[in-house]
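Chains: A, B, C and D, in written order; residue numbering restarts at 1 for each.
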Amino acid sequence: MSIEAKHKFKPKIVAFCCNWCSYAGADLAGSSRLGYPADVKIIRVPCSCRVNPMFILRAFEKGADGVILCGCHPGDCHYSTGNYYARRRMTLLFSMLDFLGVENGRTRVEWVSAAEGVKFSTTMNEFVEKVASLGENVRLGDLRCRN
Amino acid sequence: MSYGKSQAEQIREISGVNPHKCMKCGKCSASCPSFNEMDIKPHQFVSYVLNDDAEALVNSKSLWKCLSCFACIERCPRDVKPGKLIDGARQTVVRQRGADYLMPEEIPEHLDPKLPQQLLVSAFRRYRR
Amino acid sequence: MSRVQRIGVFVCHCGSNIAATVDVAKVAEMALLEPGVVHAEEYQYMCSEAGQAKIAEAVKDKGLTGIVVCSCSPRMHETTFRNAAERAGLNPFMVEIANIREHCSWIHKDKTEATKKAVILARAAIAKVNLNAPLKEGESRVTKRALVIGGGIAGIQTALDIAEAGYPVDIVEKTPSIGGRMSQLDKTFPTLDCSACILTPKMVEASAHENIRIHTYSEVEQVSGFVGDFTVDIRKKARSVNMEKCTGCGVCSEKCPAKRNASEFNRGLNNRSAIYTPFAQAIPNVPVIDRENCIKFKTGKCGICAKVCQAGAVDYEQKDEIITEKYGAIVAATGFDTIKLDDFDEYAYSQSKDVITSLELERVMNAAGPTGGHLERLSDGKEPKNIVFIQCVGSRDVTCRGKGYCSKICCMYTAKHAMLIRDKYPDVNVAVFYIDVRTPGKNFDEFYRRAAEEYGVNYVKGQVGKVAPQPDGSLLVQGVDLLDNKQIRTKADMVVLATAIEPEAGVRKIATMLTASIDNNNFLTEAHPKLRPVESPTAGVFLSGVCQGPKDIPETVAQAGAAAVKAIGLLAKDKLLTNPCTAKADELLCNGCSACENVCPYGAITYESREVNDHGIREVRRIAAVNNALCQGCGACTVTCPSGAMDLQGFSNRQIIAEVDAICR
Amino acid sequence: MQELVNRAAELLADGSVARVLGWKAGDLPYNPEPAYFKNAEDLEQFVYNGFCGANLSKYMIEASKQSGKTLIFLKPCDTYSFNQLLKEHRVDRDKAWIIGVGCHGKLDIEQIREQGVKGIEQVEEEGDRLKIQTLYGEKELSYQSAMLERCSVCKGKEHKIYDELIGESAETGSGERFGRVEDVEAMSPEAKFAFFRKELSKCIRCNACRNVCPACSCRKCVFDSNQFDSAQKANVDSFEEKMFHIIRAFHVAGRCTDCGECSRVCPQGIPLHLFNRKFIKDIDELYGAYQAGEDTDTKGPLTDFTFEDAEPGIVAERG
């Protein structure tokens, strides 16, 4: 292992996945052996609409470098409408983070169905690469000088 | 006067019509009273604009055969309204000629008793602002 | 966190599926360092009987209160481990799974990395279990009776299937007879069998079935309750004829002097009397008095029907009656109507009697119809020589005049009409103007091609722009042949419009009563467009027939059966176990602002005034209440609640935050 | 002002209302404060002047629990807040007698100070001029130069809900509502971050913004409960410290009427309204113009959706 590889930045990534589509999509990625970096850790939620912006901010504050939310495709939500609410909430939250100067590559929403193992894996690979290129998340952890 | 936009794009912009919405039902051509006078038929307007072939359209006889009776606009089930496209095409031509909008005091000399009444009404509607 | 958990962690090798990439011993070792963990072990196959026995043993020996299994996806074995925990005397919801197979060992190659990740996933699950609380599946009882709203072929079929399975069913039909639209049809595609011949036996079967009660001339007035336990008020409109006494002899209708009332059944093409049975095979075969047009009701004088009725069944004093019934399941089968053509003046529908809708043509061609089945112009009774059919009248029309969707059945019935006319009247020329001919269905395209190829129906690709009635009584049709790029002006004697269909007018009111969702076109929405197509998102409400979307008869019957099966599946249960992972409002935190109510897709949240004791302050507050039988646990409400009063059991705010913290630690 | 006092006294006297919610003179000439008045005697303390920026609608939550009606004075912009509270079932319309008062824009003491005026003893409003007696003599300023920022982007002087109206208003809104938001949006991420870090670092967590905000009316704030492990526990947890303002802005998103009270009361002068306006701007642009408190029945943008809503990726796309 080269020195460079040893010191390569390993981002902490939290992925919220809805139980019905995206978590199953992640399972399919697993059973199809479609790899993605181990930096991604998945939290299972019933629906993308269960994800409170506070969870995302909490993750950043506790040291996450990127947070991704995956849910059923619009129109396919197990609960009919959950992801539509999530879509609005996340759009506004991400826009606010962008407004505060937090790099917008650290947040992402992707709709992944239970059949899209490939999409899950590519999405995670892309996202990890993006977040790794942005480096450690210092801004949300340091919005105030004081602690 | 093109501002880097193709003529077809200008037509789309002026008319506010999205030609992609056309489902090629032909209701416009079925409704058109000037169909037989036209070389390019109303339902074909859409594909000319879609294919960026505005030149053929503006040089067609049809451009000036349309009576602006609005039958196609009224009856189009997809909100495509070829009549608007033709009107947009006419305006690009008029603009290109540099002959800007007609001033109200210039209208009387253009009035020809043989002009169809509908055309006049439509012209006034269009140019009143 | 008042209670200290005693957590056991069980790490599965899954043969070599996990163990080859993850150092399972290390995961168990690291887990022991986590707060609350009192036991950790690894085993070859946790899901095996021996593995489950290990869990039971540890629960007993170590007094475990919570369990974390590090294994495959919870979608695979969560139920297995929950059941194992329950058998060992633990609450099944004290189990959490750390997915270290699909989400770890199977996708990572580096053992160090994979092990590190597995440890973190285990930590997250442990952190969550530390905050788990025992949950109990709720129970609600099931009333073993179904309600079917609508007595067309969809409703009849659903009712028959449910009744055959042994459950009582009530059909509520708003018109005087069951039968619906299908009873108005002449022949059915693609086999051309007579509609009445196949429908009437089903109507009779339904009316004779011991498990089926039919309420005709009745409407659903109010619905309350929830899955398994609906309470429904049904208004039985005054028929003015005693159902028990009437023998159905028909003398009353015959003698009734008020004969000039447009027949609903014949689409207004001919008249009926004020006391009438809609059609000969009506079920029940008991007339009703149309009070608006009855001379007795209008002027107080007449009473002829009562005089001629030998059975003494006519009862002018009868009043609307409201009955209240309990049901476990409700099936909406409210059907459709054709759209109004007021805005399509170019087809001259309002100007000429010879421009008719396809449904009107069904009546004209029917032997029991206004012309006795003889194809003739309604203006002068002459046999038409040239008939033009126009497709997509109001369908696929995104303007305010029409409907954006395809009505689906028109291509086929138009082919049917064209074929039948050409068959019976070979001299008649038939042209069909179409945009697309859509014939997906078994033997459908073959049928359409037969119309064109064997019966010589002239299919013209294009639309009709204008139909103009001529002084000579003919109709000038101006259309376009797009393939020829020619405008066509042709004379016709009759024009038939394939009018768009839309859900029956009252459906929005019914949807509101059922809290079933409905789309912009007034079609009832299915719970999932692919996987739950006959269920409404509202539990216990099922969809049958065109109320859910345009359908032909075979599709309707198939869906009716499917809806019946879903209803039977529900009725077969004595009790419903309700998902315990439901939302719960903290009454002391709730603002009563209704935000949660607004986003709940199930109408599970209502507000009530409740007295609370907020640290000594007693006051009545407006507080959210979640109906556990309706809540499906999506959590939309929890995020919309600004104060955090609304939380989701099993996925609480603190549980998820604990997972986040454990992962980011 | 006398007209308001007279009318209030009249309504108290005939028992139509049990109390009056208005402003009374503070200890300094420029800090009148919200107050209840129970009788004519109390009303001697009543003031209504350029410094009465305080939005009284939030007080109606508590007043709704009292017996009898409360007379509440609302400026045009305050009525939006009242409507929003009504929509959220927080206030009881039947318990309020609303007198819509005229408004010529409200004053900002900080703006006056910034113009070098110190030792203020008395402030007199004379048309579009302000005459200020100070320890160092008399000063004169234009009224407009001393106005609150929010008044320059006023939503209009129409009262959205009232029982009666007293007093004239003059339009003051000529400014660009989203001007400052756009300025920040145009900055580089680094500059944005530096800007907000500087501003937010001033925060002393006094909670004045939260306490004054009519939308922040939760019985118990999430920052005071343990629902999210977010309660202030002797500052051991920095979560809320850092995220307080973001979360607060998110909680009021779609409900904030842009009344500007947060910025008015902030003792540290943090432009808190920028967060709220950013959300309002996004909502307007993405989901169609929406003004919270405009009425009491339109669905709020975050409890509504359309099938065609923009994807969250739009944030990155628009740069």
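The rule is short, and it goes like this: a contact is a pair of C-beta atoms (placed from the backbone, for glycine too) under 8 Å apart; a residue touches a chain by one contact, two chains touch by 3 or more.
What you see is a predicted model, and the numbers here were worked out from it, not measured in a lab.
K.L.:
Going by the stated contact rule, which chains contact chain B and chain C alike?
P.N.:
Touching chain B as well as chain C, we find no chain at all.
K.L.:
So using the touch definition from the top, which pair is joined by more C-beta contacts, C-D or A-C?
P.N.:
Top pair by contacting C-beta pairs is A-C.
K.L.:
Report the inter-chain centroid distance for chain C and chain D in whole angstrom, where each centroid is the mean of the CA atoms.
P.N.:
So the centre of chain C lies 47 Å away from the centre of chain D.
K.L.:
Would you mind pulling out the distance in Å between where the CA atoms of chain A average out and where those of chain B do?
P.N.:
Chain A and chain B have C-alpha centres separated by 50 Å.
K.L.:
Centroid of chain A to centroid of chain D, CA atoms only: how many Å?
P.N.:
Each chain's C-alpha centroid was found; their separation is 36 Å.
K.L.:
For chain D, what residues touch not just one other chain but two or more?
P.N.:
Each of 222, 228, 302-303 in chain D touches at least two other chains.
K.L.:
Name the residues of chain C that each touch 2 or more other chains.
P.N.:
In chain C, the residues touching two or more other chains are 599, 640, 653, 657, 661.
K.L.:
Going by the contact rule already set, what residues in chain B reach two or more other chains?
P.N.:
none
K.L.:
Let me make sure I understand the interfaces: which chain pairs count as touching?
P.N.:
So the chains that touch one another pair up as A-C, A-D, B-C, C-D.
K.L.:
Would you pull the chain C residues touching chain B in the complex into a rising list?
P.N.:
It is residues 346, 392, 396-399, 401-402, 433, 435, 461-466, 478-480, 482, 485, 487 of chain C that touch chain B.
K.L.:
Where on chain C does chain A make contact in their complex?
P.N.:
Listed in rising order, the residues of chain C that touch chain A are 73-76, 99, 101-104, 106-110, 113-114, 116-117, 120-121, 124, 517, 525, 527-530, 537, 581, 599, 601, 632-636, 638-640, 648, 651, 653, 656-657, 659-661, 663-665.
K.L.:
Where on chain A does chain C make contact in their complex?
P.N.:
Within the complex, chain A contacts chain C at residues 12, 14, 19, 23-24, 26-27, 29-31, 33-36, 38, 41-47, 49-55, 58-59, 62-64, 75-76, 78-82, 85, 89, 121.
K.L.:
Within the complex, which stretch of chain A touches chain D?
P.N.:
It is residues 52-54, 57-58, 61-62, 74-75, 81, 84-85, 87-105, 107-109, 139-147 of chain A that touch chain D.
K.L.:
Quick one: which bits of chain C touch chain D in the complex? Just the residue numbers, please.
P.N.:
My answer: residues 586, 588-595, 598-599, 607, 614, 619, 622, 640, 642-645, 647, 653-654, 657-658, 661.
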